[in-house]
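What follows is chain A paired twice: with chain B in the first complex and chain C in the second.
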Partner chain A sequence: MGQGLSDRALAWLFVGPTILLLLAFNIFPLIWTLWLSFTNFRANRPGADVLWVGLGNYSRVLNDEAIWENMRATAHFLSCSITLQLLLGFGLALMLNRRFRSHSFWSTAILLPMMLAPAVVGTFWKYFFEPQYGIFNYIVNFFGSPGTFTMLGDTKLSPWAIVLVDTWMWTPYVMLLLLAGLRSIPPYLYEAAEIDRASEWTKFWRITLPMVMPFIILAVLFRLIENFKMFDLVDQLTNGGPGSVTELASIKLKREAFEKWRTGYSSALAIILFVAIYGLSLVTVRFLDRVKQR
Partner chain B sequence: MKNTVHSPLEPTPRGKTLAGAVVIGYALISLIPLVWILMTSFRTPQDAIAYPPQVITQPSLIGYVNLFTTRSRVSSQELAALPPAATWYEDLVREQQMILAGPSRFSDRYLNSVLIGFGSTLLSVILGTLAAYAFSRFRVPGKDDLLFFILSTRMMPPIAVAIPIYLMYRAVGLSDTHLGLILLYTVVNLSLAVWLLKGFMDEIPREYEEAAMVDGYTRFQAFIKVVLPQAATGIATTAIFCLIFAWNEYAFALLLTSGTAQTSPPFIPTIIGEGGLDWPAMAAGTTLFLLPVLVFTVLLRKHLLRGITFGAIRK
Partner chain C sequence: MKWLNTRSTFAAAMLAALGLASGAAQAQNKQLTLCWAAWDPANALVELSKDFTAQTGVQMKYEFVPWPNFAQRMLNELNSKGKLCDLLIGDSQWIGSAAAEGHYIKLNEFFDKNSIKMSDFMPATVEGYSTWPKGTQNYWALPAMGDAVAFTYRKDWFARPDLQAEFKAKYNRELAPPKTWDELKQIGQFFQNRTLDGKKVYGAAIYTERGSEGITMGVTNTMYAYGMEYQNPKKPYDMKGFINGPEAVAGLKFYKELFDCCTPPGHSNAYMTEDLDSYKSGQVAMQMNFIAFFPGIAKDPNVGGEKTGFFTMPKGKIAAAQLGGQGISVVKYSDKKDLALEYIKWFAQPSVQQKWWDAGGFSCHNAVLSKPGFEKSTSYAPVFLDSMKIVKDFWQEPSYAQLLLAMQKRTHDYVVAGKGTPQEALDGLLKDWTEVFKEDGKIKP
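Now for the complex of A and B:
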């Protein structure tokens, strides 16, 4: 057989363009960012002398109290939104798994929010949160909150506004993953439990939860990565405000890099964030492997 | 617990009803924002900021007219002196004490979204199909490492990549060009395309191509004539996912474009800024922007899980 190109040549021909593009648009920029992070370069002053500052940018980032505020805001956002999405998503998946009539229609309906553009979602939720005429504020007022309720202008409530909208958007995602987990449980496990007259409660804790656990961790992994990177929704919804209470690490990065034009400093911040995401993902993957082995 | 006779996998009728009620309740509540935006797009600017918010209002197309036009305010005397309006939308504009000044930039931005979306999708699907086939069928040195590397490119925060890309594009003149965004979105989508398509390729039995090659096809011909038709569903699914990502992308579009190549997501929020808070026009733009994605989601529903997990879960 095989006239024409050898399989080996074809393999390189097929994989080559993808690898080249990724090198040009990911690895090369990463190395460039790394180099910039050791300099005092400013993108808005291309002509100025570029000085090597060593680890100066890194120590400035890590000693900056404001950065730690951003990290706290990010941690709050990540932990609260992911916990809520897990609880709601798992509840919905358990209900959908009972396969009531029309369940597939309603599951598609529930999935819609997660496919939308986060920036546009942020924009229209801003409209719902308008203190004078927003529908969300109206409903809250209707159920008896003090007359001057405002969600986005309040330093206590604003962090919860981004959690709420993110949860609205991404609960379907977690639901879909966990539903796949529930459907992967072999029926004989429940049949055996039935013979042993195990209670529903026992079945849930001894069969359902352990079997779905890998899917839960996978959901946490995907949400961690996505929400750590997340920029568009918050940029539109609160733009980091009021003050900087919802200024997540990604928003801070954008301000430093593209508003204050501290390119070297923001490159150091970018590298630190990338390492953090990478580290968090590795820990989660390890954990996933451990759970799978059990 | 009460002992029932139903099969362990078949919930009781009451359990099913309860489950249905919970799910439908959640679905209805979570759809309110989308319905509200659709309704707002048919309101007048006055109705859109009424307090208490009105559910049912006299439907109006002002939002859509304002979305596609720019207008300027005139005095009532000037308005009275004008000849009668030639079109229905001009009438609507004059009712607001304004005259038409010209088209808005919305259709340009929408067209940019379409061009850049389809352009980048085409490229990433072509490159992704080739790479996925090679990874699925050939012995590629360091295959697992390469695949993991491809996946890990997705972990970079877009803003972090945007710093060097911004400098790079400024140096080679790709800032604010269609080609610049098309290339960038192609690369971002490559990881998804390769991983998803590799999964689909793995499911096509090798025997098909081997039989074709016994019949005298070269490997490349077998790939084109046998594998590609078999992978059509997978390719279409992947294409829709890439298209939706490119359609929805905001961070790169915001930072790397300003005019010529700007897409809809950074543009829609700025509609509000023109002449006060024009929520119906913003809602109209949002509706037109979200509609294609809603249609695609319904088409994709069977493959959604696979797409959002990069092919990790196939079911």
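Now for the complex of A and C:
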């Protein structure tokens, strides 16, 4: 019988393929993008000379007025959609945390939107928002009558249209996370509060909210990362319009990289976006750690 | 014996397999893939190409991509040196980049060898679809599908005596296809929000799409008509005072007025399909669209036949229409270039070009266009001929995609989103385009 593999060799055998894949599909593209961001490379002109432009692309991105408009649109989308999803998701989670008739049916029904593909959601909401035959306009007119209005063609309404659709789609996801948080609260805490004759508000403020807080921060973290790179839903729904009022950073990035083929410039933009989302995530994770330590 | 039988059976099976394999390989070699946009003319070409297969035994395979994704899909294919397409019917604006980057093969020698003369084709289409650099005789495509932007109108609505009388009382002229942009706007206003047969209707469906090329293909029509030039005709790439000059500003301002006064609600991201939908569903009195769609409209059960008429782009200071259409090219990365050239040789024949027109394609061949009776051959033939005499095209530079996207943004921001003034929009566009040409080394920094 030959001697078997050592524990260390066996460990490398198992971990090796994963590390190789990680290097090939995550680390290498990141380093490659970083390198490209310092050049004038254009993917549609492979034969052209590639020149080192230093921080030129970064300077151009940061001084581009249009990019700051895209960042403002992204910030509006992020802050409004995440706030709404948290409020509604928490409300739904509190509701579903109480047992009632047809509880299972409603739990599943509420989850349906997040099971759909974002591009599909964007497409059918586009029809819902259609001013002449869309069901959304019909319902709004049924309850009040603002007359003909165009959710997607109006510069004031369209940023809210994308927030609304994203909230419709992803509130169930936030609800699911928060429901897990609510179910993890030990019942004896509420029993002790009952003995102390604590009011419902006190129980919520002193027990429920602090205990669920790590899950809330997790939900914020996940939605932050997801919505920062949101593309397909908004692309289908508004295509960045009208004008550029819903042109999120991700849509701008795609246009620069794969329509204008400014590969070096778009690589710099991608790195800046990466740093921004990394920074935001880091702050959120630190906050999460602090909450957990309390 | 049994052993012999087994061996014979095995040998026969091997031979059959080899035969099948070589047959399949031969069939593969005798097959061409043609790439184009997915629309009515493409279906007509499928029918027409059956004759080519019958004559040569070459099977035709097609890759048709919907218009909104066509440019990106095909340009990605070319940039990645893909072998998907042997033949490509590519948009006129791609010719600069396709020639400069070497994606298409140059056809001059082939044309000379096979006595294909570019003088046999309508000059505007040769200039628009085949040549690069412009003004030279370097040919990269054979004009395949002539096209321009024009209008359809509801002839039956225009003919109603009650509307005729009301219009005459209001504007002191007949309700007839407009000859000028001001007249078109008046007609649009006349129909806007009017109730006809119990249904609310609107003035005109025009191009306003943001994502690909829609609003540019629309707004350039009024900008050309008001006298806009992309650059100084005497000094290439000198754009100041031309693309942002008073004529261009007036044209852009007019297009916004048209958008504000006369389009259906929610018409803020409309291109070919959306305009067709608006028109075919009886929502609008007039529709801006490429002439390539007119055969389908003429046959439409709801609005076709006597209900629809066609007119060329109205005049401003000058008469001008945005060029559409495409030339057919051989992709350099194809392994079947000779076979692809055979197809072009077949397609260039006058008899095939006549069949192409009869099938619903828009031939650019003079033999077809100058044939007696051509103008009366269909209800839209005169509009096609007249439009092709006044066409102008967008930049066809290798950086056309960047130039186009900048125009899409600047004009959509102003026309649809109402941001700033037309002068600010075009000053911004001048800045964007100057940056692109500086990057290309065509303007010295």
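We take it that the second predicted complex is superposed on the first by the 289 of 294 C-alpha atoms of A that agree within 3 Å, B and C clash if a C-alpha of one lies under 4 Å from a C-alpha of the other, contacts with A are read in each partner's own complex, and residues count from 1 in each chain.
In this text, contacts are C-beta pairs under 8 Å (C-beta built on N, C-alpha and C of every residue); 3 or more make two chains touch, one makes a residue touch a chain.
Predicted model, so just to flag it, every value in this text is computed and none were measured.
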| item | value |
| --- | --- |
| Side-by-side fit of chain B and chain C on chain A, or clash | fit |
| Touched partner set for A:199, first chain B, second chain C, both or neither | first |
| Partner chain in contact with A:36 - chain B first, chain C second, else both or neither | first |
| Which superposed partner A:258 touches (first chain B, second chain C, both, neither) | both |
| Which of chain B and chain C A:155 touches, first, second, both or neither | second |
| First (chain B), second (chain C), both or neither touched by A:183 | first |
| Partner chain in contact with A:45 - chain B first, chain C second, else both or neither | second |
| Following superposition on chain A: angle at chain A, chain B versus chain C, Cα, nearest 10° | 70 |
| Which of chain B and chain C A:290 touches, first, second, both or neither | neither |
| Contacts of A:245 with chain B and chain C, given as first, second, both or neither | second |
| Chain touching more of chain A, residue-wise (chain B, chain C) | B |
| Touching partner for A:72 - first (chain B), second (chain C), both, neither | neither |
| Minimum C-alpha separation between chain B and chain C after superposing on chain A, in Å | 5 |
| Overlap of chain C and chain B interfaces on chain A (superposed complexes) | 43, 130, 132, 258 |
| Chain A residues touching chain B - in the complex, by the definition given at the top | 1-5, 7-8, 10-11, 13-15, 17-19, 21-22, 24-26, 28-30, 32-33, 36, 43, 88, 91-92, 94-96, 98-104, 106-120, 122-125, 127-128, 130, 132-135, 138, 168, 171-173, 176-177, 180, 183-184, 187, 190-191, 193-194, 197, 199-201, 215, 218, 222, 225, 228-229, 231-232, 235-236, 250, 253-254, 257-258, 263, 266-267, 270-271, 273-274, 277-278, 281 |
| List of chain B residues in touch with chain A within their complex | 1, 3, 8-9, 11, 15-20, 22-24, 26-27, 30-31, 33-34, 36-37, 40, 48-53, 127-128, 130-131, 133-135, 137-140, 146, 149-150, 152-168, 183-184, 186-187, 190, 194, 213-214, 216, 218-221, 244, 247-251, 254-255, 265-266, 268-269, 272, 279, 282-283, 286, 289-290, 293-294, 296-298, 301, 304-305, 308-309, 312-313, 315 |
| Residues of chain C that touch chain A when the two form their complex | 72, 75-76, 79, 97, 101-102, 210-211, 264-269, 283, 398, 401-402, 405, 409, 412-414, 416-419, 439 |
| Partner chain C, residues of chain A touching it in the complex | 40, 43-47, 66, 129-132, 148, 150, 152-153, 155, 238-245, 255, 258-262 |
